[in-house]
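Please go over the structures that come below.
Presented sequentially are two complexes of subunit A, the first with subunit B as partner and the second with subunit C.
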Partner chain A sequence: MAQTNKKETPLTWDVFTTGLWKENPVFVMMLGLCPVLAVTNTVENSLGMGAATLFVLVCSNALVSALRNFIPKQVRITTYIVIIATFVTLVDYIIQAISLDLYNKLGAFIQLIVVNCLILGRAEAYASKNSFGKSVISATGMGLGFALALVMLGSVRELLGSGQLLGIRIFSENFEPWIVMILPPGGFIVLGCWLLLINYVHQRKTESLINQDAAASHCSVPQQH
Partner chain B sequence: MSQQAETPKQPSSSSLILTLAVVAMLSGLLVVLIYEFTKPIIAENQRIATEKAIFKVLPAAESRLTFQLQDGKLIAADDKSGGELLYAGYDSNKQLVGLALNAAAQGYQDTVKLLYGYTPENGCITGFDVLKSTETPGFGTQISSNAEFLANFKCLEAKVKQTLDGLANVIKTVRNGTKQHAWEIDAISGSTITSNAVGRMLNQSGQRLHPVIAKHLPMLQQAAEQPPTQ
Partner chain C sequence: MNPESLGFIFLSAFLINNFVLAMFLGLCPFVGVSAKRDTAFNMSLATTFVMFVSSVCAYGVNSILTHFELEFLRLISYIAIIASAVQLVEMILKKFSPTLFRALGIFLPLITTNCAILGVALFQTARGYDFFQSVAFSLGAGAGFGLAIMLMAGLREKLELSKLPNITQAAALSMMLAGILSMTFMGFAGLGGTA
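Take a look at the complex of A and B:
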């Protein structure tokens, strides 16, 4: 009936940083791409969606983890969805209370957090198998990693699409905005460029590590004889 | 029989139902708590947004009254009243400066909703504020930023027929650069669908509401001095 904790790893700094960058939900795991492409046309929208997703991810994973020993596996997905939908409804009301303007800009994408595969994925793959503390810390890392990716996309799109950052004009009036950047294709283009850059840097790093290892082993070979 | 012995013990249906019921109750409790907490804040936010839009389309107004359209009649109401609401703006001398009216029509992506200012004395539509729009950024969104398009609304003619059963002239959007009459709207080149939607919604709203306003004009003019009872 209940899910048992098998071989629980200790709580380390890695639990937090893994989601933040090493296994970033957007740039590495490619999860929840629908809001990533749809609402990142400005930094403000990206921050709003990032904060909303972080809230839902942390709260739902905390509750899933707290209840993990009481939820029969036959109804676990249904239960997770009910829990996630609850927190999405809460965040929907909270954003309306904070700013109607932001609520109108984010549109239906707030309600669509329910079906963000990142949240259900983390509930099923991590929170249902790990302790409360670890689940909360991992979810915080993942949520911040997701928000970071949204802001990285949003800042490039807003800068090129309207010459502004957070509504503050950066380029002069002579700058001709790249309208495509604030349209959905701009999301794909910027995401592709970020992935290209991140993978290129990662590849260069791996190659240099391999070269260093090879050089070290080459130097050490004569000493063995 | 041996196969049955190997399968793990299934939890009873009642325990599954109980789990879901407990989670659903917990969920309901949380939603109700937050709903009750945020309800007055959201209502206040909506009131501020409406207020801002009204005073934007009626810049000369210093105070306002809300009216509800019911069976072709205008009755005093408040912002929380359901149905179709009209907002009358008054200056510091309690003189009617105009009305803020709602209009909506299908745009390129979804329904576009506007609040527009109407001055019954000269029959002019004098500006609008976009309340809801999901039009394409850089194209349909130009209706609120394109200076040439906004110039149409310095005084867009929306006079009522003498028989008080509609507008004297149909408000319509025409191709960019072909405007000839005061009741025509010069479209934005490249945003024709949204420009047409603006013309259509102003015409529909005007045909329906402006005659009612004309019939109730004396009441509206005096309402600020003696607010009518509901």
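Take a look at the complex of A and C:
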């Protein structure tokens, strides 16, 4: 493993922020979509799911990273899955103990964290190659980015679907709730809208950067855009 | 219709509570492999097979675990079952159809992390289905997954030929399409309860 140690980049703030926004697991990498759409009909559920996923992601990546020099390459995926499944079982019982109400709302999706591609993907792509500290920080960033995306979806869906936020009424009595938003189609459509918005902002930013570059380097050349 | 009957369980998993469009399970392959109809069809066959095998095995393992009161090991053993079933499919495909094996590529091992498969195993346990009900449930779920992914692939093949604004690139438009598909599937809710 001396090879990977040589290549290792220094620990920077970037390790944390990459997962939070630049490579947001949901909006950019499209990983772990199932829970994103299934449990985000209220903000409360989104927060619960985000916290559970964050916990499993950080713990499993920490353990994978700590054991990275001992796990034989041939059985690494199986080992990762067993590590992840252990932490998910843990979370499953913890949530059951803290709030049975939340547990019933999230249903099978807590146990389905095991097959969230985000967690296995990070274990394979990052934690198995980087030091303990960096893996934990990166996993925290990724987990927070995931939770952020869940809350972004959950707040729109709860606001439009039932006119309230975290159980507090926002709109007046006259507001006719868009029931479809809390039903399955709403999940797909709200995620689609967020993606469109993010694509639009990203495109605007790229265009203005290109224009700036062009203006700075070829002041005399007329622009072709 | 009797909600316990085999026909109803099949229909419920196939249309009313379609695994992809109503329960949001198995979205990764739904977005990832739905670009071409051929690949989508083969993918759904492989997924259905793995679902069937793992559902039968999960039923057996669950009765053993319940007998010894080791329920906390359920999740880990289900995952192990699914991983082995996927390995089996991989070996069969490699032997009999190397072209298909290459076409599916990375998505074949990724069937292991397809939540639809673990979902089938977990839901059949949660609902206390007996052996034949579990089989009907897994086949219905597989057929439903196939139907959804084939519909999506057909739509996306048409999209390839049409002019689209730049911002709808990547998955944004697929999500909108899936939303509309999902809305049409809500129409089947009239067929029966929400079981």
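To be clear about the criterion, the second predicted complex is superposed on the first by the 213 of 225 C-alpha atoms of A that agree within 3 Å, B and C clash if a C-alpha of one lies under 4 Å from a C-alpha of the other, contacts with A are read in each partner's own complex, and residues count from 1 in each chain.
In this section, a contact is a pair of C-beta atoms (placed from the backbone, for glycine too) under 8 Å apart; a residue touches a chain by one contact, two chains touch by 3 or more.
All values reported here derive from a predicted model rather than from experimental measurement.
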(Q) Once chain A of both complexes is superposed, is A:Ala85 in touch with subunit B (first), subunit C (second), both, or neither? (A) both
Q: Using the superposition on chain A described above, determine whether A:Leu100 touches subunit B (first), subunit C (second), both, or neither.
A: first
(Q) Under the stated touch criterion, which partner chain does A:Leu183 make contact with: subunit B (first), subunit C (second), both, or neither? (A) both
**Q.** subunit B versus subunit C, judged by how many residues of subunit A each one touches
**A.** C
Q.
Is A:Ile71 touching anything from subunit B or subunit C once the two structures are fitted on A? First, second, both or neither.
A. first
Q: Return first, second, both or neither, reflecting whether A:Leu191 touches subunit B, subunit C, both chains, or no partner chain.
A: second
Q) After superposition on the shared chain, which partner residues are touched by A:Leu37: those of subunit B (first), subunit C (second), both, or neither? A) second
**Q.** Partner chain(s) touched by A:Met29 [first = subunit B, second = subunit C, both, neither]
**A.** neither
Q: Please write out, lowest number first, the residues of subunit A touched by both subunit B and subunit C across the two complexes.
A: 78, 82, 85-86, 89, 93, 183
(Q) With touch defined as at the start, can you tell me which subunit A residues reach subunit B in the complex? (A) 1, 41, 67, 70-72, 74-75, 78-79, 82-83, 85-87, 89-90, 93-94, 96-97, 99-101, 104, 107, 161, 177, 179, 182-183
(Q) Could you list, by residue number, the parts of subunit A that touch subunit C in their complex? (A) 30-31, 33-35, 37-38, 77-78, 81-82, 85-86, 88-89, 92-93, 108, 111-112, 114-117, 120, 180, 183-189, 191-192, 195-196, 199-200, 203
(Q) Which residues of subunit C touch subunit A once you look at their complex with the stated criterion? (A) 21-28, 31, 72, 75-76, 79-80, 83, 109-110, 112-115, 117-119, 122-123, 126, 166-176, 178-180, 182-183, 186
Q) Quick one: in the complex, what on subunit B touches subunit A? A) 10-11, 15-16, 19-20, 23-24, 26-27, 30-31, 34-35, 38, 41-42, 45-46, 49, 132, 134, 136-139
